[in-house]
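Please read the structure below before turning to the comments.
Naming follows writing order (A, B, C, D and E), and every chain is counted from residue 1.
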Amino acid sequence: MSAGGLAVLAVLVLFALGSLAGAGGDPDAIVGPRLQPPGPGWWLGTDNLGRSVLPRVMEGVGTTLLLSSIAVLLTAVLSAAFGILAGYRGGYLNELVMRLVEVLYSFPAIVLAILVAAVLGPGQTAALASIVLVTIPLMTRLVRGAAVAVSQRDYVTSAVISGARLPRVLVRHVLPNVAGTIAVQGTYALSVGIAVEGGLSFLGFGVQPPQASLGVLIQQGGTYMIAAPWLILGPGVVLVAAILAINVVGDGLRDRLEPRETRSLT
Amino acid sequence: MILELDDVTVTFAAGPPFRRIHLDAMRRVSLQVAEGETLGLVGESGSGKTTTSRVALGLQRPTSGTVRFDGRPFPKRRRELAGRMQAVLQHPHWSLNPRMRVGQSVAEPLDVLGRTERNAVTEMLEHVGLGADFADRYPHELSGGQRQRVSIARALVTRPGFIVFDEAVSALDVSVQVQILNLIKDLQAEYGFSALFISHDLGAVRYVADRIAVMRGGEVVETADTRTFYTAPAHEYSKQLLEAL
Amino acid sequence: MSLLSVRNLVIDYARTRALDGADLEVAQGETVGLVGESGSGKSTLGSAVGRLLPRAARRTEGEVTVAGEPVFDLPDARLRHLRRKHLGFVFQDPIGSLDPTMRVGDQLKLVLGRGGDVRFHLGRVRLDDPRVLRAYPHQLSGGMAQRVAIAMAMATSPELLVADEPTAALDSQVREEVSNVIFSLAAEAGTSILWLSHDLPAVARRCDRVAVMYGGRVVESGPAREVLGNPAHPYTAALAGSAPAAAAHGVRLEPVPGRPPVLTGASPGCAFAPRCAFAEERCEHERPAPVRIREQDVLCHRAADLQDELTKHEEVSA
Amino acid sequence: MRLLMWWSGRALSSAATLLGVSVLIFAAVRLMPGGFAETVLGPFATAGQKAELAARYGLDQPVFMQYGHWLGAVAGGDFGVSMISRQPVGAELLARLPVTAELTVLAVAASVLLGVPLGVLTAVRARPDGGGAAGRLLSGLGVSVPEFVLGSLVVFVFSRYALGLEVGTWTPLTQDPAANLATMILPAAVLSVFSISVTARTTRDAVMGVLVEPYVTAAVGRGESPWFIVRHHILRNAATPVVTLIGTTTAYLLGGALIVEHVFNLPGVGSYIVQAVGRRDYAVVQAGVLLAAGVFIVMNVLIDLLVGVIDPRLGVMAGRRS
Amino acid sequence: ATGTTTTPTAAAQETAAPGYLAVADEALAKGGALNLQVHIDSGAATGYDPQLADVATTWQLLSLSYETLVTVGPDFSVQPLLAEKWDTPDDRTYVFHLRKGVTFSNGRAMTADDVVGSLKRLLASKGVWAGQLGPVEEVVKDGDDQVKVTLKEPYTPFLASLANVPAAILPMKEIDDKSVDPATTLLGTGPYVVDNHRQDVSWTFKRNEKYWNQGKPAADTLNITIAPEEAARIAALQNGSAALATLGNVDSGTMLAGAKDVKVVTQATTDFYYLMLNSLKPGSKLADPKVRQAINIALDTKQIAEVALGGKGKPTAVTPAGLPGSCDPAALPSAAKSVDEAKQLLAEAGAQNLSFTLTIFNTEPAPAVAQVIQQNLQQAGITVKIEQMDEASWSGKVYGKAPAEFDAALSWFAGYADPGMVTKWWNPETAGFNVGFMKPDPELNKLIDTANKLTGDREKALADVCAKADADAQMIPLVTRPATVAYRGDQLSPSLYATEGYGNVLRLVADARVKKSQ
């Protein structure tokens, strides 16, 4: 199943790269009459400005994937830094980090995203920051939990006894052993990121026009569901496929990193 | 004396604030380990053995009492002791970093000291009965006994004067236990380190220790020569322990 | 007819073969110790008796019958009936085998049904402290928890009790008490015991018969005293000679050299051959068939030749 | 006594969290570009008018003072006055809370009633070779369809074809409970799809974890039936992570409710906050977020208590030996 | 919900008269509840005070309870309302004869004092509308039922400006004795009174039992739901829970095509989009008139109307297209010029690689308009970066500071009911809100004043204004902003003008007949 997920993701990445290479045409150019169903010249139809939907979906995939990947990477780095330090050191530092995480956690995700977008002004930076802030609490918590467990392992104690300094212990011993948690959680965060980007765009706080993102396309397509269903079909399917694929890959990753036994009740 | 614990008490506070329970994990414990000597430490679960070892390793500061290593109190900075004391800990499964190759694990104490003697690592692996080709393996490719051998190699690679074995063989199979115990004995004969050997298995302790200390409820209730202890235990509790053997 | 009969049982996990044609008989009222190195397949065999294996396990060959019923071929409902009526299990982790979210008394009640006398059953395992009833498992000591588990396993007076290292996680002093409880209770009820253990001296002391496992097979079985005192299989001899507790002061023990095998399929010959001091050519590629040496059933090509050789090794103190 | 200590500890840390939230939200609101004055007075307002308005709401004072005043008032139960409607924010929040609460409660109920059985079923059926893929794919799909996509779809389908349930209207619960339910079912369903899936997943993981516990093996060994084991041993032991999840999902659901309220045009707290952000109605944004955070925190305290009841090892009253 | 159900007669089909999109069928019985949905509530710090209201949506809601001296007809002709008739003894004097029997909804009869007080209060207020009334010299009572207004100089849009809600007649007695605060209470002479209002949720209006116009309003109750999300309004129309809704999307007609009983009509308005070019930003190329002209030339308002507004809007000059006497956008100087000339101008100004940011708010169709602008200007080699923000941030950025920080911005003006009214906003000294980005052009200001003073034929004068503003190009008019209204033919027989000047879809709601209601 996770091979299927990877395949889907690979196709999406190809899509995005194709858009960068100009395949499919200029996503912003007005190429034909408005709201045309799929046909030659516009293989996925045209939108309400007479633009071809195909290059827009391709651009949208790229924007959304890139945005969420960068955001999740940031989340991973920050969560790793804070989670590991808090988990290993404990004490006041831990208290402080956990309290901050709790504060962020207490904000409903999309409200947090809206506030960030309102403060920073809509656009990629805001979407990026929103995704980071929304995904960071859970990730930090889990990394911290894993770091606490790892800190009590004998090999960490051995390293300390050998006289290893803090950075060495954290980088050589704790980090590699919480990396699995980070990776698995990262895939889930990625799907959350995509959803947050979509939600923000839906509420009008997303990327700037004319740039397309999946969220923007779906938001626009949604209003034309009756008149031009092809507007939402393409991006909708791609968005769901992307999140699903990422989740499936995440599940696969977890099964691989933390294989579990099963037992029947009979 | 390589290690002297003098009247050491360790008190833990547990539970929520305002309603802390204070618990003496060690109460007025005095112990000495002489150069080249192996001191066995036995006692039931929760009697304070691990706490004692942590105090001996300088990982736990005593609430009261003094600890001297090599005649001096513990330095403020751990690094000054780097390479001079080591430990082999209980759980073979977690004794090695699963993300590091065996060779890297064994080399770590050297790295910390800034030394890079690659052949010291392979030499040490040979010494503990593992071929040099083990250096490239990951811990999950090893059996429990092999992992404990790697831990021992890591502990010995800097030729420390003092090693703590905290339940180092308890998790192993009897037949593997004997391999490891033999190995410890052989290496000690060769390198002459002192050791604190902790176990709740009196059989294992008898096999390697020169002297034995018995702990109960945080206190040392008896210290004696191994032979004396097993033939004529003085304390009532020691007698009980020996009966169960 | 024996109560439990395991014949040529082969159990495979995804990548390992845990049992490689194990044979075992337990007669009514008999106590049998099952010993062997870690990974030799003791737990797998013990679980197979009640078909309690994890999903990953597959029976490839062989058969287990309990009171004449083929355990692996029974429909679910019949299997449950068999477990209820004939079998009892005690496991290694005492606190883990009790439901952590339920008070001990409630758990017992659940097992005993409405009419059950909880106090009586606790009394049988020498736990008559009423506080135990109200306690949660994590509030008990290991020894107490194990006694509760025993009470639950013995509540239905099973004909066969499978005890998988029930004392391994306990302090040495408590071990004795718990073992006493199990054996005296079983003796009272006429229950047979299959006792899985590492602890050779304890097995020697308590069990009627011993079965020694190696590489997923029972390589030697027979009366406890005979098997451990006069081993007929080189592995049994090596095992018996390597318990540290058995060593007199200053005597150097000789461990079994090498590593235990991890099988991925049927072993071509004797699984112990690579570590065996007496191995000869055919041991490598010919699976030994059972032979009878004195009172023991042994899986060794050279069992007959080695009789004298092995008895020279020291005896296990009982 | 121990309970009291626990409570005071929790109260303290909850208060700290809320304080943190209040600082953050206050700062965020002040950092938003686009003045409140421009927004509400429109482009035609003079500088004098703007200043007058700022003075009316104390916006001309230093930010620390504003924060202090606000915090003091909030502590006294006064959430201030909406700068748009000039009505007390507290009353309006209270009036809107039932909508959001109803949505969330319905969604949580759906998660428990559907997600838990689904999770138990897929766990009990799970095979080591990755079997039960269909169930996993299904729950994967659930987390993959964002509310706004599903919501738009539902609004479209149900408004286009007379399917018995109305969208685009709302009836207060107090006015006509049956009609209210009819208008809330669809939004709640849209909101709950994600949490049902997540609950199913978590339940599945938790149950699979419990399935291999020795006490389950012991129960199987005693010849208990699967249903009996599920009922007596598995549900309760697997409940902790599921209950905890529901606590953390609340924050998510509150956020999701915002989008659902928007799509279905329900007068809940979520849409209130969104509109207020759009108009820089500071008092409303501050109070709304604080309320959401407060609900979340209280919810999690309750969850902790509940977890303690479910699993005595984790409870407040968990002592050592009795 | 309750409601009267009437059997539609054969004559029940709305036959739209000239100037109307729909005319209510008077044969239908009166009474019943009318469910409406609009996309935004009134919402201003100034509350309900009509004199301070400056947004069309607020005017629309307040117009249900307040009335003005005069009103506008379907063809923008000024018609009597609270004034039965008026005389204009000279071109600076207006004498209004007040209608008899008019009472406020509290039962008190309206007096000439109320009228005088209201107009004086408006003139003294800081509201935007004070300026639209023109150069009023004095307002006096002329007997008990006449009011005389004298202007300093002739001002043609005067009557039209009295026809909008800010000029409503307020209960001045109650306001003066402070028993009523118009910011929090609606108390007017109009057909409806407020029963309930929940900000951003709903309004409920009940018929004003004391309404002077016997037989009106037709519907007993108006339930107005605020539904910001278009899909929700469309849904409500389809399932019949709303009988009438305003729609924002220009393609709503297509989307509701095939929906049973739903009629979609597009009401033309005089409102129009315009592009602001900030000529005051230090160092900005847009300070150069040549650059602004080049932009103006490169803009293809036809394409904007066709693509961004789906053909529902019309290109316009400063005088809103559709108003009698407005100028022809095709005749503007910039319309005749080609993209090459624009490039030429840019080259002359040394701005070949011109690039600027266009700041817009995120309410549709502004983003669509902006994207077509971007494509237009790309033809002339101009790069436009679109910066989209919520309306609050947008206002902050556009109006928050002087000089303003944006490069270019997009917005729309209400076009009102007289072609001269909105031209006043091209004079930043009068308008005020655009001083931050607009340099006053004395010549243009003079042309504007002249045009508004002319009482006779003003087309030439207005054309001059249009041409001058076109060349100045600090604010470039683009296209008119259509309003889409949809209603349920089976539930409602409404009256709707074909063109609206004050963005008031509910202008004729008192005539609407309810067929049945849910």
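In the analysis below, a contact is a pair of C-beta atoms (placed from the backbone, for glycine too) under 8 Å apart; a residue touches a chain by one contact, two chains touch by 3 or more.
None of the values given here were measured: they were computed from a predicted structure.
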{"item": "Farthest-lying chain, centroid of Cα atoms versus that of chain A", "value": "C"}
{"item": "Winner on C-beta contact pairs when A-C is weighed against B-C", "value": "B-C"}
{"item": "Furthest chain, CA centroid comparison against chain E", "value": "C"}
{"item": "Euclidean distance of C-alpha centroids - chain A vs chain B, Å", "value": "47"}
{"item": "Between chain A and chain E, centroid-to-centroid distance (C-alpha), Å", "value": "44"}
{"item": "Length of the line joining the C-alpha centres of chain B and chain E, rounded to whole Å", "value": "87"}
{"item": "Centroid spacing, where centroids are CA-atom means, of chain C and chain D in whole angstrom", "value": "52"}
{"item": "Interface hub residues of chain A, defined as touching at least two other chains", "value": "118, 121, 222, 225-226, 261-264, 266"}
{"item": "Multi-chain contact residues (two or more partners), chain B", "value": "none"}
{"item": "Where chain D touches two or more other chains, by residue", "value": "32-33, 126-128, 152, 156, 160, 212, 217, 220, 262, 277"}
{"item": "Sites on chain C touched by chain A in the complex", "value": "54-56, 76, 79-80"}
{"item": "Chain E-touching residues of chain A, taken from the complex the two chains share", "value": "28-30, 34-35, 48-50, 118, 121-123, 204-205, 208-210, 222-227"}
{"item": "Chain E - residues contacting chain A, complex", "value": "230-231, 249, 251, 254-257, 303, 307-308, 310, 362, 367-368, 370-372, 374-375, 385-390, 392-393"}
{"item": "Chain A residues within the chain D interface of the complex", "value": "1, 99-100, 102-103, 105-112, 114-116, 118-119, 121, 138, 191, 195, 198-199, 202-203, 218-219, 222, 225-226, 232, 236, 239-241, 243-244, 247-248, 251, 255, 260-266"}
{"item": "Residue ranges of chain A touching chain C (in the complex, touch as defined)", "value": "261-264, 266"}
